[in-house]
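Next up: the structures, one after another.
Shared between the two complexes below is chain A, which pairs with chain B and chain C, respectively.
Now for the complex of A and B:
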């Protein structure tokens, strides 16, 4: 009995923190999402499923939902494809100190304010950005290439950049810790180098890929700043939520979209973590 | 005519940086042998095994398997399989999938894979562990999985790199006997690396002894034990009394050696004396010891008197150190010596045929 009460004391800060900053806001959003709403902050406390039905049956809602997932998926695949060779190089070709230094240097720009970083990207990929102006001055193109700015590609580029270090770091740790003997054993048992990658390296790296999935795919699902700054007319779930909260003023509808997104996020994370064997990380 | 040799190594050399790991290794292994490569740690024996398996590339020399040059053949196309010292089981696969790995790579069909995995699992008595994760197994069980994983692809040469190293003595003994049984049953060629000469004694048909990257002896373990070609081999294969000695005389097919006042007589065998100075070896278990009293027949030829300076009880045997009248310290093994105490005077004697000459030049 005494032991239990002492344990409860240890749990108090966590419980208070989670209650104030997580459960109360989430519960209020959840309750709000079942209220009847309207434009200009009209909230009518009548329980209804209207908001969910409106979102999930409207062509716009479905379109935004699919677009958001497509952007997140593309960015996730690009990040993984770029992170693999980088991590492999860091883990196999460099000694530990140099590799950690490079990873640190990859993280430092992320400490910069988020908005400033996105604006910095506009200086590179924007209409008069580095890529376009150099291509123009070289005479390779006549007009600025538009896919680099105010488009879905801009979101993918910036999203990829934001989460690359989070993909490299866990991959690097896992790759560094795979004993060379495992590769040797796989070769000895009949796998060539490609076979070794797909049968040994990749399966062992899945937990790291799951972690990078969390920082990239899941983070992009709720993103609204990147699409508003570099996405042009591309509209993601985050924009849809912020637009309905702030501009339209339909809080119950915005809350319903938020809850849908939250459930969606939790479901995907659980599936991926189960599938990719994240348990291996702490075994 | 080399038909019954499955493996030939010709002049293998390997350096790590500037440090030579292997120098001028020439070796032939007979088909179906349990061939043990024995040497102290750091002698290059694991490197040699990896060279045979193709996981290391020699700087010089050739590897022939079935008389085919293997130097440029990658490990995945060699008819060999290596059981790693640290086992290298795949942590992301369960026991069944680990054993099936080589078969899946070879794209056998499911029922054939299943049949062969079961065969290997039953051979090694792990058929009820197939669904387990490898991290849940004990050391001995992991050992069996590693072995099954290699055996299941039916390699012509199975390479084992100190596979029993980390196991405790009892399980090691059990597995030694079992490994030998499996090897006999399959009739395959096994090359087994170890630093433990007792393991070599239990299992080997042929033994190659490697020291500092060089092959120093190649023979059956019995011949090597009874007539070690060098002092290193004699010392490496168990306890030994090695004395510096000089040739005193050869007459009537009897060699008489002198070592610090002690005379050793032995029947003449083929020794080519490059020098008068040699070593003589008497194994501790070949010396008989008795409490002094009947000291009248001491003539210091193959017998002497001495004082017991230490007695250590080691279970089956007791190890005694005796300082002889010639100030030589001899180690003696005896199974029963309740009537001998430290500081007792004892008589030591041995048979002439138990004295072995080791030439110094052979070092």
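Now for the complex of A and C:
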């Protein structure tokens, strides 16, 4: 016991720092969310649930909430479907050095240049973007293709681009570590290839899929730069929060939306961690 | 035979996805930085270096780069100093969900939440927003990052090395400095480099915690909406992409060489 408390001493700077600059600020947002607000930074210290009710019962609030989740979910499904064959190829058909090199190549552009990549996509997709204008001038299409507009589709394309390596890498680690005997055993016991996939491979891959879910889904829940640059008129939770903090100046209302997003994030992460035991990945 | 065809298909598929989905946008930015026209449309007009010349005249760009380097340096130093010791505690508390939750919650929540909470916090305390408040915000996210990278390394260390040193008569401080530290030094330096790159690049936390100065992402954000600025942003982006590619390549190769890549996805 004494040994444990000595070990906790090393964490004191971290605990103090995170308390002062994360937990206390989050608490102040929480308290603010129960105050009565108004435009232009008016804050009345009268306790009320008004902000939550305004957000969660108004058609606009519900619409934003659902749109955001739908975009995040679609992007997650798209990225998982694209990633799986790549991870399978890297894990089962390449030697480790080559596979790591390809994964490295996938990660390099993502560790820097966040806005640069969104900027690039902004010029590539869009009604008059590179894809549509090239296809038009080549005469391959008569009018711009809607899937490449600045719209929900644009957000999904950029979301996929951003999180692909984070989906490929955990899947690769798990697929590489599945012993071949496991497949042989399943086949011997009478399963066919499809059966092996759904009853052996997929269940073992769930922790990896959970990790990519966290990265992709939760990152998109709080995103506002991607929707405002490639989303056209799409308005996500992140836009709603930043608009109400910085433009409208209704801080209590914006705080209530932020707290809703925070609780939403924590709930999702807890479910994912409990269901899929993400820990296995690191041990 | 069948297997060879599958392999070929998957090989092609991987090549297409990596080149088109991941690299094409970046390569296009570099190509169009030499294009005389403003918009991203083929065919290219004339090849020109004039956007780079215009960029070099723009002092706000260099100021933004310097500000980004300043913020990233402060964030790196603070998060290494604060986070590294916590990685040692993490070894004893890694099964304690309260401790793990406390340290890693800032890592999991969307960056926006860190940003707006600090905005509210600083304004309640009447703290003037500046580059320093930006760095304070970045450290909130990078402490868990450092703990994660360093503790992954600690997990793979052979505890007998430390025991041997203690048995042979060294005290704890000597053992730490001469046995433990050299063993985890690669992990600390990788963590530092990753924090630096991340902080240099971060937009969302910066957006809410910055005062009147600009970091590089904020400079881009300010310029991005005016079509007339597209070529200069394209030129600036190309420079950052090329420099960034070289730096990240060396950082990550070092990480793979030291066996720090496979054990952690961050």
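Rule of thumb we're sticking to: the second predicted complex is superposed on the first by the 265 of 283 C-alpha atoms of A that agree within 3 Å, B and C clash if a C-alpha of one lies under 4 Å from a C-alpha of the other, contacts with A are read in each partner's own complex, and residues count from 1 in each chain.
Quick note on the criterion: a residue touches a chain if its C-beta (ideal position, glycine included) is under 8 Å from a C-beta of that chain, and two chains touch if they have at least 3 such contacts.
This is a predicted model, so every value here is computed, not measured.
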- Which of chain B and chain C A:181 touches, first, second, both or neither: first
- Which of chain B and chain C A:169 touches, first, second, both or neither: second
- Message: Looking at A:95, would you say it contacts chain B, chain C, both, or neither? Reply first, second, both or neither.
- Response: neither
- Message: According to the stated criteria, A:203 is in contact with first (chain B), second (chain C), both, or neither; which is it?
- Response: first
- Query: Can A:190 be said to touch chain B (first), chain C (second), both, or neither?
  - Reply: first
- Comparing chain C with chain B, which touches more residues belonging to chain A? C
- Message: Please output the residues of chain B touching chain A within their complex, sorted ascending.
- Response: 50, 53-55, 74-76, 80-82, 84, 86, 88-92, 101-102, 105-106, 135, 149-150, 153
- Query: Which residues, counting only chain A, touch chain C once they are in their complex?
  - Reply: 3-4, 7-11, 13-15, 17-18, 21-22, 24-26, 28-29, 32, 82, 85-86, 88-90, 93, 100, 102, 104-117, 119-124, 128-130, 133-134, 137, 160-161, 164-166, 169-170, 173, 211, 214, 218-219, 221-225, 229, 238, 241-242, 245, 251, 254-255, 258, 261-262, 265-266, 269, 281-282
- Item | chain A-facing residues of chain C, complex | 7, 10-11, 13-14, 17-18, 21-26, 28-29, 32, 39-42, 81-83, 85-86, 88-93, 99, 102-103, 105-106, 108-114, 116-121, 124, 136-137, 139-140, 143, 147, 152, 155, 194, 197-198, 200-204, 207-208, 217, 220-221, 224, 230, 233, 237, 240-241, 244-245, 247-249, 252-253, 256, 261-265
- Under the touch definition given earlier, write down the residues of chain A that touch chain B in their complex. 179, 181-182, 184-192, 195, 199-200, 203-204, 206, 277, 280, 283
